[in-house]
Structure formats: structure tokens, C-alpha cells
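Here's a structure for you.
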């Protein structure tokens, strides 16, 4: 089998080198959000980028037992109490296009929208309006906007404020705001949700689109772990009873209709 | 990297050989339950064993949307609608010690109980009574017995009847029945559930304990696939709303208790 | 929480009803491939459909330890030897767009190609040629064609012969053959692989596109289970050593470049 | 369905409260390692505990492409390139008893060893010696000791030094050191690996045994995400070719031995 080549980590029995940096040095002088940025981007974040990654990880670390990822992890844990890795993994598998997987689609729209505005010499506000109308007319929902619970997502407000404070807010954040304004004017008032906020900030930090979903997975794992532990310690096995109603074909009478 | 050695399948670009048998021949003249038995045991099942594997796979193929595995798969599918393999896998991860993982523990108890009875020259009924009392006194529930819904699990009744019809019922089936009788006399009346039924039959077919959980996983995947498809086609994304109540520490007032 | 509605299975403590059919009746008089078809399609397969589902499940049940799904399951099992459900699930997660997830894309191309041919009053051969050329010019590989090992995939040959034998071969099988011919004439000679074969046959049996990947998952779980068992019984934990070479940034000297 | 009760997070559309703390406050004034500790333990870590959690997360964030978890994630990604959550989850499923799941067993041994030493009025060194000899005589390997690559695990050295610097090192760390000494004297010289180091430190921070594996999962997800991204961007699909040798029964000749 061919040798696998990797530019991420060297672990050969001497030092552990991550993208050129010594892991033990990072343990002693760095921080985990910094290492997350280093692993995903290949460069070591400066102070502002580090604090934003930290804030993003905290922002999505948990959102309660009813979030699809946490609920899936807890449901798996009711049947499988001996393998916490299985229950946590089940929760991660719920993180897809409808739940936090929207970040990648959002970053793509941001990137393409900003590029198109530049090509056509248009303002971001104007470009956002076009995209809002095109999406509306195509019957498509824009990712990054809307939330079942929030008129204004407090995590977005905090993250954007921090991005400005650290002078990292750029066209990504601006474009998300322009999109929200445009959608409010042409469709309905929706908040920028945490996926959209992370998409805007990651764009401005120079991260590629797939990292949005990966950042969510990395941060949410902490909450999933806590929910699995609570399910194990606080609840009995098989304790979830979902009311189910069958509305399929009626039961055949085998005497009349043999299988 | 060392060459991986396997005694299961040879797929070298010519014929596909599974445990010595040609896969195409099996497609044309065999059956999938036969191949399941061949893969797991290394020998090709005779007619009776084939029909019992077929019956076991059908028995556990599905048990409704509320079973932990199906519910977990559906919950994952509400957040992740583009990766059916993720939702099906999430459902499989719910299959552990409390939900269908009991088969392995049950087969171990059967195997050890039969061996102990032989060593001590005791009847299976007598041995079962001892085990029932020992478990009761240790505060342990015996795997393979009990079900939230059934006084008598219809899948067990059918499977044991088929085992007898094909002259495959032996000490495994007998021991499960003895255990149920012993538990009824010393603890409470509980049915032999489908995990216990499969454990008894697999023992009599000569399969090792880990295969009980594997047979469950193989068979249940069909039901999980159907549930994922129904979630995708019939329901909107993020449609599950679980009522959740927080009973943790009250929210701190940041003015009084800064973070 | 709202009651979950399902048309698949009713399991209320009395009979177990799957799409109107009694599960115990199916155990006694049916077969697992029949139940797979019933679960996925909602109708009970006739004899020919049942034998084709059986053949498809056998066809993809395993393809050796080096297939991505089996290799992933075995790799997970080297680190996690106590949770077979985790290792099997890991193998299922390798089943995506590049490995057996092509079935859905293939069924979509078949469906759309046949519809377009009808609309434009063209033969399937003519339509296939157009699609082959369009894909080639767009730099896209057509799903369902090509295999690293086979000039002719023996599973395809057998499956198509069986489809004809049971009078089930229709436009789906014909279209896959036309596509192979067209690609051979315009691009290169490639076999119809097992994903393409299953796509063609499932189309002719009236199944929707997502079922191609699901049938693969259902059938392959048997092979994954066998590989996990072999990894557990035959090999030591952590036994896989992959030769890895680091080609990232050189290790920084902390005395010169402090973290 | 009953309301789910949780003491972890309240997310009701107003503030997001985690164990009593406001999530936005944590974003603005806290750190992710702090939130990890809060989620798992229920209390907000002080400065020293926070820095140790940070260091532990960094310590296990990655260990190269050849570690079972990373290799499993990469293998899944060769077949499934559209669902990064599936590949990351596959990597997490490799984290079991043989790979980082040893932390829980190790914490249990530490906890029981310290309690037994207190009960029997013995020193930790003396207790460790007894445990080393008992394990050796039972043919059991002690978790937390040994590593394929290291004579001395640099992550352990750094973590224990930091534990002492923050005045958090207690009986857990002492017991691991005593165990290493005892095993060196009675069996062979083995390093305390990162699982054993984390076990000792988490014990001294007051965390329960299951958190060792959970901390590993939380931290390692960052490395898995990077490996999945590298597999997607740097390598072609299906690029891993494992040399496999079949040593099962020879292929039967169907003319002589019909299926």
C-alpha cells in the first residue's frame, strides 16, 4: 500500500508537529481554539482570530436537549449505554443540510455574491437584493437566515460585535447583513442564525466553505458528550416512548388474503 | 503496510469467492439468508438453517417508528436529509446493550448454563432455576426476557415453532424456555423476547455469541432504510419538536455574578 | 410532542403489521428479500421481483476486505473492539457518492434519459449517445460505469440475465446497456458496474432513485458484520500500521520562533 | 411523550443558559475549554482547571493520519466525499477500548486503588505494586501505560508538569506515577501514555470516569475534521488500495460441487 502523505501532523515518536508547530509547546503556551484554527487552516491564528474561533465554538457548543443532534445522541444512548462514542457519533450524524450543514452553502453564497458584485461593479446591498429576489422567485430558502425560536439570534449579535471589536469584520459579515435586510424587504423578516453568522465570520477570516460545518461539529461535540452523560446517569435505558400512529394499509386477514 | 489477510472474500477481478463459494453462483442458485449464514459462520447453511436465518432476519426487520433504532435514524434524518447513509448508521448506533445487544449476553448465559449443567450433572430446568435465583439475588435482570409490550412475543412463538419444525431446536431453545419458567416461578412472569429467541436458535445452529447482535443489525437495516425514506418523503426537515424542561441551576444575573 | 405517523409498521403489542402484512406470517411463509421489497416500496413483490431483490442483496453483500466500506469497518474495529455496532456503522458511513452512492445518481439519469427520449421521440440508443457526449464534454464521469478491477462486472452479467429470465428487464436495463455502448463509442470501453446494474433493474421494478443506495447498505451490512468479526477474532487490537509521511511545514525551532 | 428534563442547557428563545451561565456571556468573557468543563462537570472551572482542560484538548487534538481514528475517518472519506459529518463520525467510532477508551478503565483503577489504599492504610506506592502484580499474574494489561512509539509520552510529561504548576496534581497523578514505577519493577518499563495522563489529571480535578473518553472525543474531533478536509482536497476518491490476500477455502468448482 502506498505511503499516506499528510501536511497536518507528524507523530514519529519524537516530537509531535502540527503544521510545523510543536504540540507540547501549544499545550504550554497556546490554546485549543488556536489549535483548531491551525488544524483547519494551516496557519496559526492571531489573537483576534483565536478569540473569534473560541467564541464560535462556544456559540454552538450546545442548544439544548431538543436540538436534532442532541436528541439523536440521547435517543441512541437509550438503547446503547455501553458505547458513549456510538451515541456521540449518532448525534454528529444529525448535523447535515438542515441542521448546521447550511454553513457551507451559506459561505458559498457569500463568496459567489461578493465576487459577482465585484465583477458587475455593484454594491453588496444591491447584490444581496438580487439574490434575495432570485431565491424567492425560485422558491428556495436562503441558508443562514431564520430560526424557529429567535427574532434575533443572540449568538449572531455577540459574534458580529466581537468580529468588529477585533477588526475582523469584513465583506462576509457585511454581506450577511445585506442579505438579511434584502430578505426583510422582499420576503419576510428573518434573523441571521448562528450558521449564517459563523459563515460570515469564517469568510472574513479566510476559511474555505467546508469549514463552516466542521467548526459546528467540533464545537457541538462538547454538548453532545454532556447530553449522553446525562442520559446515562439520569435516565433508565429505553426510557423514551414516542407516541406513534400507524396509517398504512389495514392489516390483511390471512384467511382471506394468504401471504 | 502489511498485507491484510482474510478468509471471507476473494475479489481479484476474476471470480468473487465468498468462503469458497462463487458469488454469482449464489446469486443464481442461492438466497441472501444463506449468504448471511455463510458470511458469519464460514459454512453454507442447510435448508433448515437457511429458513431459520430468513425467519430471524424478518423477525427483527422492523418494529415501528418508536423503536430506539428507528427513532434515532428518523431523528438524524430530520437534520440531515442529504446523507441517508448517515441516518441509517445513526439508527444502528442505537443497537447496544439495552436494545438488541442483549443477544450476545444471552447466548453467553445459555452456553455457560448448559456447560455448567453438564459439569454438575444437573437438568437444564434445575440449572435455570439456580441462575434465575442468583440473578434475582444479585439484582440483575436476565437478558432475553421481558418486553414492554408483550405478554408473549409473537416472533418468539413463531421462531421456536419453526426451529422445531426443521428439527433444529436443541438445548439452546430448551434452556431459554427453562429460564422463562424459572423466572416466572421465582421473580415474575416475563416473555422470551426476540433477542432471547434468536439467542437460543443461534446457539442451536452453532453460531458464536457475537453473532446475535450482528444478525439483529443485518436484519434491522432494512427497517431503518424504510424509516429514513419515509422521514425524507413524508416529513419536513427539523419537524421533530421535543418538549424539554430545564431544571438545572437558575440563570445567573451577570450584574451580580460576573462570569 | 406530536404523535409520529407512519405507514410502515404497526407494533402495538398485538400483531406486528408491516404495510398491511403480518410479520409472523411473513416469517412463516415469506422471505427476507420479499420483506425488504415490501418495506422499501410498500407493495409485496411478486416471485420475479423477490428473486431479483435476493440476487441484488447477494451481489453487493461483500467485495473483500479492501473495499472502502469493509476497510473502514475493520479500521474502526482495531481501535474499538467492544462495540461491533460502532464498527459496522463506520463501514456504512463509507457508502457515499464515490462508493455505491452512485446508484441514486444513476437511477436519476436513467429516469430522465428515458423521459427525454420519449418527449423528443428518440430511441434510447440515440438518447444515450447524446448523454455520453454531453457528459464527456462537461468533463463528468457517468455513474454506473467503470470499475477498477473488471472489464466486465460478473454481478452485472448475472443480474441482467436474471432480469430477462423473470421478464422484468425493461427500459432501465436497456438504457444502461445503451449508455455503455455509447460511452464505448465516444469515450472509452467501461463495464456496467454493480451500482449501474442495480440502478437499471430497480428502475424496471418501479423503485424510486434513493432506494439504490439503500439496497446497497442493506445488503452490504452482512459483509461488514463478517469483516468486523474477523478483525475481532483473528487480529490484535491496533494492528493496522499505515506508513505515513509528513510533508507539511518543517518543525519550527521554539527558541527562534516562540509559539 | 413525556417532557424531557435536562439540567444542562435552557434554550427557550430568550437567553441560552448552560448550567446557569449565559452562553453569550461565556462567548464574550469565557473560553471554550471552560465551557467544556462546565458542560461535563456542572461547575465552572477555575483558572487552573481551565488551563488543564485546554492542555488536554490540545494534547489529544491529533496524532497523525495513521492513528485509528484519523485513518478510519480518511478511509470513510475516500468512499463518501459529500458528507463530512459521516467521515468525522466514522473516526469517532474508532475511539473505543483499545484506542482512547482506556481512560475510563484507568480512572476506575485509580479511584478504586486510592480507596483501597486508604481502607487498608497503605501507601499509594505499595498499593500500586499490588495492582501491578495482580494484573501481571492475571495476564491483564493495565490501561494508561504503554505506547507503540514512545519511551516517554511528551504529552504526559507536559500535562503533569502543568498540573503541578497549577497546584492541581494530587493522588490521581501520584497514583499513575506509582503504577508506572511498580510496573517497571515487576513487569517492564512502560511510559504513562496520554490516556493515563488524562485519567490522572481528570481524577484530581474531580471528574467521573466516563469523562476521560468523552474529553478524548471532544478534542480529537478537531484533528479528524482536518484529516477529512485533507482527504477531500488532496486525494482522489477511492484512492486507498490495501493489499489483501485471501486465505479462506479454495474456490469450489461448480461442476463438481454445485451450490
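Letters A, B, C and D name the chains as they come in the text, with residue numbers starting at 1 for each one.
We take it that contacts are C-beta pairs under 8 Å (C-beta built on N, C-alpha and C of every residue); 3 or more make two chains touch, one makes a residue touch a chain.
All values derive from a computational prediction rather than experimental measurement.
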Exercise. Would you kindly state whether over half or under half of the residue numbers at the chain A/chain B interface are used by both copies, giving same or different?
Key: same
Quiz item: Would you say C-D or A-D is joined by more C-beta pairs in contact?
Solution: A-D
Self-check item: Euclidean distance of C-alpha centroids - chain B vs chain D, Å
Solution: 29
Exercise. Quick one: report the Å distance separating chain C from chain D, using the average Cα coordinate of each chain.
Key: 34
Quiz item: With chain centres defined as C-alpha means, what is the inter-centre distance between chain A and chain D in Å?
Solution: 24
Quiz prompt | Overlap residues in chain D, where contacts from two or more other chains coincide | solution = 1, 4-10, 12, 15, 26, 30, 64-66, 80, 82-83, 85-86, 89-90, 93, 95-96, 101, 240-244, 246
Self-check item: Interfacial residue positions of chain A with respect to chain C in the complex
Solution: 1, 3-10, 12, 15, 17, 19-22, 25-26, 29-30, 42, 44, 80, 82-83, 85-86, 89, 93, 242-252, 254, 258-259
Self-check item: Residues on chain A engaged by chain D in the complex (per definition of touch)
Solution: 1-2, 4-13, 15-16, 18, 23-24, 26-28, 30-33, 35-36, 39-40, 54-55, 57-59, 61-67, 74, 83-86, 88-90, 92-93, 95-96, 101, 149-150, 154-155, 157-159, 162, 210-211, 213-214, 217-219, 221-223, 225-230, 232, 234, 240-243
Quiz item: Across the complex, what residues on chain D touch chain C?
Solution: 1, 64-66, 68-69, 71-72, 75-76, 78-83, 86-87, 89-90, 93-101, 148, 237-238, 240-244, 246
